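In the two complexes below, chain A is the common chain; its partner is chain B in one and chain C in the other.
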Partner chain A sequence: MKVDSVEISVDARANKLRALLNDDGGRLGLITSIDGQQLVTLVLNTTAGTASAWTSRVDGDTYHSLSTVIPQSHWYERTVWDLFGLKPKSHPRLKHNLLHEPYSASVIPLRTGAIAPGGDNHRQYHHLEVKGDGVYEIPVGPIHAGIIEPGHFRFSCLGEIILNLEIRLGYVHRGIEKRLTEVSWRKARFIAESAASDSGAAYALAHAVAIESIFGVEPSLRADYLRSLTLEIERVAMHIADLGGIAGDIGFLAIASSMARLRGDALALGELLTGSRFQRFFVCPGGVVHDPSPKSLLQIRTRAIKLRKDLVSVIDMFLSNQVACDRMQRVGRVSNKLAADFGLVGVAGRASGIKYDARMHFHHGAYLELNPKVAWTEQGDVFARVRVRIDELARSLELIDEILERLPSGSSLLDFPDRLPSNQIGVGIVEAHRGELIHLVFTNAEGHVSRYAIKDPSVNNWTALAIAVRNNLVADFPLCNKSFSLSYSGHDL
Partner chain B sequence: MIYEVNVIRLLSYLVSKGVVTSSQLSPPLQEGVRGLPSLTNSDCIGIECAQCEQACPTSAIQIEQQAEHANVRIDLGNCIACGLCTSICPTATIVNNPSTRTAQSEREHLIIQTSLPPVNTGAVSGGGGIFRRSMAVRVVSTGCSACDLEIGASGNPIFDMERFGVSVVASPRFADALVVTGPVPKAMHEPLRTCYEAMADPRLVIALGTCAISGGVHKNGYTEANGANGIVPVDLYVPGCPPHPWSILFALQMAMQLKARRS
Partner chain C sequence: MNYGAADTVVAWIVSLFSGFLLPILLIGTIRKVKARLQNRVGPPIFQALFDLVKLFRKKQTVSSTVSWIFKWNGAINLSVMLLLALSVPWLCYKPVSLGADLFFVLYLLALSRFSTVLAAMDAGSAFGAFGASREVTISTLVEPALVLALASIGILTQSSDLDAIFSFSNAALSNTSGIWLLVGTAVILAGLVELSRMPVDDPTTHLELTMVHEAMILECSGPNLAMLECSQLLRMAILFGLSAQCFLHSIPCVWTMTIVSQGIIHVILMFVIASCVATFESVAVKLQWRKVPEFIAYCLTMSLIAGLIAVGGSLVK
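Presenting the complex of A and B:
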């Protein structure tokens, strides 16, 4: 999708953004910069399915923070400080996000040109301290007990109740956005896809849509259908994994192990389609790299039908267990108001009454012709997130069948020139299994990628986890955490 | 009453599924599934072609013109198994390798060349002696989570690594082996080192996945994400992006033999 570019003064952003968020269909996509000379605010209109980039020139290296009036901007402002050295004034809790103590203060990876003198950029990090009689802290991480990505959780507790959770991320910051500006666009997809591989299909698609919009070309309808197929297979596999993880966290091991087995069946669909369990390196700018054989497409269809039958009985046994349901209800609640304030996306947003699913609004895959149907509820607790996942899982398996029923014929790959068009802005907005994923790409006068910004759905939802666990039992944290199923690598990049 | 009905239903469902655990160990990948590349005797055109060298996203391939033949050199420790080289090679010198027995205990053995025979890892059997048949593994993840998910899958009912005595533990204090996934960016250097130092000797380090071996697509950037070597001493390398659960199981069985040799 092409992006309109609008110049807005840095101080006018707050009012304009507040008005936009009050409008029907207005959303904040992301806040970033190109080279440290400006702020870029990507705003979305979900009703019209359009995006525009507000560019605001910043003189010097400070500007007024938006976080006190628009809470969801707090995380972006921390990241912009790290990557561009632009410091938000009166940010309520300014801390480094991606660059930790081992990085020297002079490292400002995405800023070009010299930083203005007097920049205060030390790397020390102080956790919020909760004071009071009997309040104690539990530090967890960065290395976790199980097989998960690294991050640090600092719980401040009173008895068994969590008063505050501070989440520190950035441990797997690999410099992906910078690397994406250093390679030719033909090699960029391998890096874009390696950012968060549990959403690999969605990352590949967001990248492809962004590059295609810069070329001003749309892929064939067949390619669009095959891309939707990869996205739905990924959603099925990850929703099954998350449901199994939740069942495991409440001690319902028969369901957990059944889900682990069924996830294997879902991955097998992707393997048949693309030759890789994670569907790696299949979706590319222009379409998909190879057309799958009719035999494998037929096999995918029969196996997906079998998987659907198998899942129905496992899910029924899960939900008909009163103890299991009781463990998930009224735990880790996020209200609709907070979900709106923090711009929650995906399952977490829809479980708190935010009826937003990017498949319904922004062109990617074949969703203009397929109706994904938005699953949502209002309770906002762990159980609500489980219910939304289950509804989406059922719908995704139906979609797989519909896609294979209606798969159009034709070519599935277009080729593009080696050089990207100059001075363009392209965006890819995709509903990954975690929610809205954005890839925003700028090209310069020479046709090189001058800035590649990624917004993983977890960027919006990490704050929600911190809110959801307040006044819950420490022992319920793993359950709450799993119900959000957040990505560390997608956030850290 | 309702609970009993549920339990009986659940048990009969589980029994009806039978044993899903695969009895064949580390079989080759199925037709159409992408593995790592391997080299054949078919003559490479040489530097006039070199399409593979140009296309490779991680510069894992080098073509060297020698007197009579061109030598193709692929560093599997850099390879992300994208399949570009095998699909564009006009002479079928580079082909898909369906083997899942790909782990190596020496870094150099991951480098394959047409002029040299590959180093065969050989067969693995269990540990040695009745008290050497288990291995506790601590996993430190520093990457994109694909390798982590595949380690998780290695413990599922289909692959079931616990039948070989491999268990994933929650502390380095009682771990025999440290599995590192991901390219180990700067903020993880110190936590990884601390984790290794907390382990009792003898200990093994397994670099699992191409990122952990060399940094993969991330190497030589400002985050110094160049893999586990240099931070901790690596004993076993498992190439792949991510390695298939069968490759992981094979590597863990290999590690048990290394462990038996060293202790």
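Presenting the complex of A and C:
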């Protein structure tokens, strides 16, 4: 997909973006910068399936924040402040996202050129204080009791009710975006696909689509089908894992353990296709690394049919338990209005009535041809997210069957020159199992990658979690959290 | 009950043996059945014992801010439970008669909880405090149910001494299966709450925010934790034992059997209860915090019915 480049002044962005978001099909992709001299706003047109990058020069280190008019930009502005030292004025809650107190204020990792003297002061961080009679705070994390990634949750509670939740991330910030600009593009895919390991296939695919769009080449139809296949297998495996996790959190152990077993079956499909249960080293720019044998494709098909049958009985047992369904209803609700304001994506968005699925709009894999149906509902509670996952599971398994039925023949890998074209913008938009994943790549005059920006679906949805648990019970937080199934490493990068 | 000297020695040996072994075997059974129902192999049946040995051998980590309440909590709990295990007729045979007034028993249970709640707040962590607050809320609700259940048989036997209640001496009670069943069920339901098991608390969860009992003992480690675990196991054995006693009394033909056969049936009943609890826990869903009182209400209703029948029965007499 080609990206149009548009010059626009910093202050004009607010009105234009608001008009675009009010339009049908307009979406904010991400906000970032290339080297700290400008802001780049990637906007998407879902009706036409196009993207354009608005570049706005920033003079000095500050600019007017968009967050007061366009709430969903608040998180991007915090990240841009950390990585590029550009400070948004009148941002309602400006805090550090990725770089914590031990870093001195003069450390600005991605800024090149003139760096404003920040001094040796260490960065500061203050949690939002909720005051009042009987209000108390529960700090949870960053080290948790289970084997999960690190994140800090600060609950301000009144009795058993959560008044406010502040989420602090950045504990696994590894500098992946910077590293991706340092290695040659041929090696970059190994870093890109390991950035968030449970979305390996989606990350590899977004990377591949972005690099292909820089070269201006599209992969063969067979490669597209195989890419869809790996992405759907990943979606099936992760949705099963998430449903099992939700069942575990409400103490429904029979379902939790059945789902754990079925997730293994789904990962085995990935192993048959790619040789790796987490589907590493398969999708690459130009197509897919190796063409699976007809025998393993046949096996995938029969096993996927068996998996579908096995799933039906487990899901029936899950949904026919009235106490379980009641337990998930009216918990962790996100209204349609808030979901739109904060630009929710993926399952969380579709459970709150946002009918957005990147597979319908943007070219990646063979979806524009396969045309999968969007699963969505409007309730916005934990149960709605469960139901959307269950619907998507069924459709993904049907899709796997359809892909294997229609799989075209031909070559599955194109070759590219070693040098990337200069001064290009490439974008890859992929519907990962969590939602819309964007890789945005800029090349400089020498044909090197000058900026590699990744927007994980979790970036949009972490805020949704904070909204969803407000006025809910403290004991319901883990359930809400699991229903969003957010990625820490995908956010931190 | 009068036995000869030889009988007393045998009773002592059997009681000590079962007092030590039964709690471990009961939790082992629950875990094993749960695992099998989930298609897992599960831990060995004696895993709880291995864990206790491991904990007793570990070093203890104690926060510098805690007082003696926290440090003595394990010991207090264990001594209370040992005292209860000796005095309560949770098995059919009992070597000593310390006297087990039902109010004395219930308030010993409350004493151990009181100590744990204080210790939880002593450590000063947010988890301990809300765990304590939840525990107190639940126990205020469940205490009346347990009192009423046991008291309703007390009304029939005209005694609040549990030894007298469960002695098989009052043959008139052998035909009151209905009450015994009701009381047995009420005790087991109250026991699930009391023991912080499903559907009120999930003993297997790692999620601190949802815990009740586990949140209170998060700060404990080493021997202190081992003693708390021991007393929790004993508490489970005592409550399962009491409930099995009620079910045993509801079978009329058991009344005329010898004490050995009664004891064997009783122990089998305890394992049946453990397996039922395990099955229930595999398919049940943990209740939302707001729904917990509803569950306790079932249990209270059963106790109330048993109580009403008992009062009615004694009025007729």
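We adopt the following convention: the second predicted complex is superposed on the first by the 487 of 493 C-alpha atoms of A that agree within 3 Å, B and C clash if a C-alpha of one lies under 4 Å from a C-alpha of the other, contacts with A are read in each partner's own complex, and residues count from 1 in each chain.
In the analysis below, a contact is a pair of C-beta atoms (placed from the backbone, for glycine too) under 8 Å apart; a residue touches a chain by one contact, two chains touch by 3 or more.
Given the structure is predicted, the values throughout are model-derived calculations rather than measurements.
In the model built by aligning both structures on chain A, chain B fits alongside chain C without clashing.
By the touch criterion defined above, A:K187 reaches chain B but does not reach chain C. Between chain B and chain C, B contacts the larger number of chain A residues.
In the superposition on chain A, no contact is made by A:L297 with either chain B or chain C. For the three-chain arrangement built by superposition, the Cα-centre angle with chain A at its corner and chain B and chain C at its ends equals 60°, in steps of 10. By the touch criterion stated above, A:S197 is placed in contact with chain B alone, chain C being left untouched.
In the superposition on chain A, A:A145 contacts both chain B and chain C.
In the superposed model, A:L158 makes contact with neither chain B nor chain C.
By the touch criterion defined above, A:D249 lies against chain C but remains apart from chain B after alignment on the C-alpha atoms of chain A. Once the two complexes are laid over each other on the shared chain, residue contacts for A:P478 go to chain C alone; chain B is not touched. In the overlay built on the shared chain, the residue A:R261 is in contact with chain B and with chain C. Of the two partner chains placed around the shared chain by superposition, neither chain B nor chain C is touched by A:V69.
Per the superposed model, the minimal spacing between any CA atom of chain B and any CA atom of chain C is 5 Å. In the superposition on chain A, the residues of chain A touched by chain B in one structure and by chain C in the other are 144-146, 254, 257-258, 261, 321, 323. On the side of chain A, the complex with chain B involves touching residues 100, 102-103, 107, 109, 142-150, 170-176, 178-179, 183, 187, 190-191, 194-198, 200, 241, 254, 257-258, 260-261, 263-264, 267, 271-272, 275-278, 280-281, 290, 293, 296, 313-314, 317, 320-323, 487-489. Interface residues of chain B facing chain A in the complex, by the touch rule stated above, are 2-3, 6, 9-10, 13-14, 17, 20, 30, 32-34, 57-58, 80-83, 87, 139-146, 148-153, 156-158, 168, 170-171, 182-183, 185-191, 195, 216-218, 221-223, 225, 241-242, 244. On the chain A side of its complex with chain C, the touching residues are 136-140, 144-146, 160, 249-254, 256-258, 261, 321, 323-324, 327, 331, 473-478. On the chain C side of its complex with chain A, the touching residues are 34, 37-40, 126-127, 129-130, 198-199, 202, 204-210, 281-290.
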